[in-house]
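The structures considered in this document are given below.
Both complexes shown next keep chain A, but they swap its partner, so chain B is in the first and chain C is in the second.
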Partner chain A sequence: MAPAIIIIILALLYPLGYMVYGSFRAWDPSQNISESEFVGLKNYITLFYDPAFRESLVVTLTFAVCVVFSELVIGVGLALMLDRNIRGMSVLRTLFILPMMIAPVVVGLMWRYMYHPTVGTFNKTLKSFGLDGIDWLGQNALLSVIIADVWQWTPFIFILSLAALQSLPRSAIEAAKIDGATSWQQIIHIKLPLMMPVLIVTALLRLIDAFKVLEVILVMTEGGPGLSTEILALRISRTATEFRELGVAAAMSNYLLIILLILTVSMYAITRIQENRAARLARQIQEEY
Partner chain B sequence: MPKIRLEKLTKSYGTFKVLHGINLEIEENEFTVLVGPSGCGKSTTLRMIAGLETVTSGEIYFDNNPISHLEPKDRNLAMVFQDYALYPHMDVARNISFALRLQKLPKAEIENKVKQVAETVGLTNFLSRKPGALSGGQRQRVAMARALAKDSEVFLFDEPLSNLDAKLRGQMRAELAVMRQSVKKNMIYVTHDQIEAMTLADRIVVMNDGHIQQQGTPEMLFKKPANKFVAGFLGSPPMNFMDARIVEENDVLFAEGKEFKIAIPKKKAKSLKKYKGRVIIGIRPSDLIYDPKATSDRALDLRIVVSEYVGAQSVLMCACGDSDITVELKSETPIALGETLRFAVRSEGIHLFDSKTELAL
Partner chain C sequence: MNYERQNPAFYALLITLIFMAVGPIVLMLANSFKLDVDIIGGTSGLLFLPTIQNYETALCDVLWYELDHLDFCSLKFGGAFINSIIIALISTLLTLVIGCMAAYALVRFKFMGRDTASLTTLMVRMVPPAVLLVPVFGLWNNEFCISKNSYFGEIIRDVFGGRGDVCLAGTHSGIILIYVAMNLPFVIWILQSFIIQVPRSLEEAARVDGAGPFQVFFLVVLPLIKPGLAAAAIFTFRIAWNEYLLASALSDRGTKTVPILIVNNMSEFNIEWGVIMATGMLLAIPPIIFTLFASRQIISGMTAGAVKG
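For the complex of A and B:
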């Protein structure tokens, strides 16, 4: 028992410790890590003032917030619209899940060709209507990768929201109808508030994922043009391989790790708060009667 | 308060027919109870009136205006659901005021109304609690309060007490009976509990299998049930039934069966003269009185099989021929299982039904 646990802990923590250790050193791939010079917090401080890193943070944040927000709005909206027993609904649902099942690299390739300035689907379509083509992966690159990610991940939110919607107490919604609520008022006052716990957790999950995104963007734009789509994961990998600054890359990874930790902890905190509240209510009721 | 009229109302789910042409008129300010066994279509009827189910055919009228095409919100009604259907994310005050807030009434008016209604149902101390932190009885009151706050003309109840324990149910039933004296509204109340039906109703509508069996005042349904189903459904313990034959001897009609032969009172006999054949005789336990000295043409000899002690009264399950008969007896009467006792039949307590159609004779 004990050895197994030690192995597991080592396997989990060793790489992490390695990264933390490395982040305090001026470390280059040709060196053995122990030969590298200890520089204290220098890597972290340099990064703080590094415009490229800041740009990358801004890009990542913009990307993450935009995709999660759009996916939530579209996914929940679709779920609200399709929350009824229409014939063919199950087929539709299967269709909706498809994008999630495609490997990210393939999604990236697919969109890259659809965005192609001359032979891509989008510009060909625009031209057939006599419109000018759009420079999708040029000056609009960030928007374009956001669109691709929204295409891939909206279904995830749609499926979860639909499940949440269909498990809402039917009779509370009926009571709202009797109380005079229009469809819109039912959504605003009853459905959305009751779905909120699920939506918050889903949004946080997606946010964590969006902060780590790499493949789709790597395949579509490689972070360009310029730094316009260089998200953190890309910046880290370039710092390590292209600039050969392993220590700085490690420090960057730790910044990203801190962001993800905060998101994860807040997600657990929210679920815990909900559980505690339910438990407290149960106790309160028991004590009274 | 509108007069409500259901005309040839039917409901099918696919090919499965749930309601077969319901005709019903509900007068103003009447408390109508729909009662019947599980699955007979009571909730369906109520939910169609509420607008929560579509009408397959037929029509619902409020004051002669067809309303079956209207949304629930346009029907001006209030409803109390079996599971209360409270809004879990709103506190009691907000639950009660939801409809009023949708109507955008002035704040002060809403607060007043909430206070007043909360007082009526005894919830004043719980206004800031969420439903999750309330007991079953309190939730039930919130549901009631929410319906009362709306000031609608029609009040619908779908088994509002069935989730409460026996004691609380009795208490809430009494409170409802009091409340309904002061609240003058059209109330339609669904239950499968015949005691609720008897105590609350101005008019009872007995349903079975998607058909209305009979409607009328509780007294009328109890005294003159139209058929065997109604007779057996209302009253507790339920009416006893035995197979019998009508025979005439010396100008007197008798209902004769295995181990009994009871004289039929003159009043009933007139209409039965031409009816000689198989019948079902029904006698309520309350019309069977322990009386060793009764003559055999107005009594049943019952062999005691089981005795259930329920306080001052004991309920005895007995056998008479191959029929099971339930009677009630003062608990202090000394009896032994297996013993045969004579019970006099009150003559106005004899009900006769055609053995084929089961209609009252």
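For the complex of A and C:
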């Protein structure tokens, strides 16, 4: 126990506290933090009026919302369609987790190749049909980055919602079938509402993860062209290591952490509410029988 | 097992999905066996003469034989692979050992609340590596140092050479420490759920037979939680093996891992696609093997993470 606590405090809690402290200072990595000048809220205020930081905030939010929305729609849709006991499902599930397991750097590398204007698979295919190539990582960079992330993470939502679907009470669905509900009605009125708790948690989890994406985008576009794909995580790491402004990077991190904290707390609250509701339901059933 | 009969459209959908999921990976595999001329000029078909030249170029600094097609070994991927293996293996091992003991203490001695681990896991999951990078970069370079004038600092400087204070940044241990810390909460949390299922009576029986607390732990508990250990090991290894950002900030010339070299080579003007894809393939092989052999554990780990928060 003791070693675990020591390591977590030494390498997680202390650094995070250190960062909050550093965000009020003109801190750079070549000096000790106590030697740096105290600047109060200056870092936060400068950032607030910094157009580049705002731009990157907008890019991050756009990316996260688009990614989670499309992954939810595709993932849940596929799960609803494939919720049958057919041969080959386990193979699909195994192969589906591959994109999540391999290194993000490698995912970025594969997609950068496929998006390449002349060499890439997509434009070669388009050309063989006599169509013009698309400037994937140029003006459409944000969209291309979103597509790559959807490829990598839709399976996550698919697997979770499939597990949720298969644990639904069969009796409710059977009853609806007997009452003559079409499969569409079954989905809208029974399956989706019953899956909702899992779906909300999954969506929030993906949303949190979407704010952390960095390597895939770094390899594909390096944040460019311009600032069009420079998400917050990328900007933070750049500010810290390239521009060596740790104070500013720390302030940025705190802004990001506030967003993530809100998401996490709401996720925790939702799971707790759902657990309580489920417990109450179970008690009711027990009393009735 | 009984399978329902479905109409062919389902199988078509299934096959399309499999193709979409695996396609890019297969493409990379195929390209890693092509010469750059074939990748750039040739058709995108699968008809080509496979060559392992790319792999040889990538690993040129650790090969024991001379390469004909290369005058000078400029890429140091071989050394990076050794770094990656050292860092991933040691951090996985440390995380498991420490995590195991902590999880056991949490469950059996009712040390702190039972929710501590799950809450910490959730909080750590929330923190992006980029955010962690900021303080760690500062700390590892300045604070977590041994002064070169101190006793130990002098010894280390005499043995390893170099100038300045002895810092965590640029060493294997610096990277390993942060990986262990990042993974510990999750490992403790997942092992805890396995240890709870070990019946108490079993441990007490062993104790009656004269086993000490350590014997109980190593001979009774550990063998029973093997599946949990496997899942935890895979998750930890994968993160340490794949991680780029923290490693890139904390490593120096000698301790670079493979992802760092891939990113560095991607930002050059002329990308050597064949070599870089061969490297990417080598980096992807361990996770792929884990997936094919332990997909059930991985899926259960993922599902648990989402459903229980």
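Convention: the second predicted complex is superposed on the first by the 265 of 289 C-alpha atoms of A that agree within 3 Å, B and C clash if a C-alpha of one lies under 4 Å from a C-alpha of the other, contacts with A are read in each partner's own complex, and residues count from 1 in each chain.
Operating definition for what follows: contacts are C-beta pairs under 8 Å (C-beta built on N, C-alpha and C of every residue); 3 or more make two chains touch, one makes a residue touch a chain.
Being a predicted model, the structure only gives us computed values, none of them experimental.
Asks: Between chain B (first) and chain C (second), which, if any, makes contact with A:189: first, second, both or neither?
Replies: In the superposition, A:189 touches chain B alone.
Asks: Is A:180 touching the first partner chain B, the second partner chain C, both, or neither of them?
Replies: It touches chain B, and chain C stays clear.
Asks: Go through the superposed model and pick first if A:171 touches only chain B, second if only chain C, both, or neither.
Replies: first
Asks: Contact-wise, after the overlay, does A:199 reach chain B, chain C, both or neither (first, second, both, neither)?
Replies: It touches nothing on chain B or chain C.
Asks: Examine A:103 and indicate which partner it touches, taking first as chain B and second as chain C; both and neither are also allowed.
Replies: So A:103 only meets chain C here.
Asks: Please tell me which partner, chain B or chain C, touches more residues of chain A.
Replies: Touching more residues of chain A than the other partner does is C.
Asks: Check whether A:74 is in contact with chain B, with chain C, with both or with neither, and answer first, second, both or neither.
Replies: A:74 sits against neither chain B nor chain C.
Asks: Check the residue A:61 against both partner chains and state whether it touches chain B (first), chain C (second), both, or neither.
Replies: It touches nothing on chain B or chain C.
Asks: When the two structures are overlaid on chain A, which partner does A:160 contact: first (chain B), second (chain C), both, or neither?
Replies: Once the two structures are laid over each other on A, A:160 reaches chain C alone.
Asks: So which bits of chain A does chain B touch that chain C touches too?
Replies: On chain A, the chain B and chain C contacts do not overlap at all.
Asks: Provide the residue numbers of chain B that touch chain A in the complex, in ascending order.
Replies: The touching residues are 50-52, 71-73, 77-79, 81, 83-89, 98-99, 102-103, 130, 132-135, 146, 150.
Asks: Show me the residue ranges of chain A that touch chain B in the complex, using the header's touch definition.
Replies: Touching chain B from chain A are residues 169, 171-172, 174-182, 185, 189-190, 193-194, 278, 281, 284-285, 288-289.
Asks: Considering the complex alone, what residue numbers of chain A touch chain C?
Replies: Those residues of chain A that touch chain C are 1, 3-5, 7-8, 10-12, 14-16, 18-19, 22, 27, 29-33, 78, 81-82, 84-89, 91-99, 101-106, 108-114, 118-119, 121, 124-125, 151, 155-156, 159-160, 163, 198, 201-202, 205, 208, 211-212, 214-215, 218-219, 222, 232-234, 236-237, 240-241, 246, 249-250, 253, 256-257, 260-261, 263-264, 267-268, 271.
Asks: Which bits of chain C are touching chain A when the two form their complex?
Replies: Residues 1-4, 6, 10-11, 13-14, 17-18, 20-22, 24-25, 27-28, 31, 39-40, 44, 98-99, 101-102, 105-106, 111, 120, 122-139, 141-143, 177-178, 180-182, 184-185, 188, 238, 241-242, 244-245, 248-249, 259, 262-263, 266-267, 273, 276-277, 280, 283-284, 287-288, 290-292, 295, 298-299, 302-303, 305-309 of chain C touch chain A in their complex.
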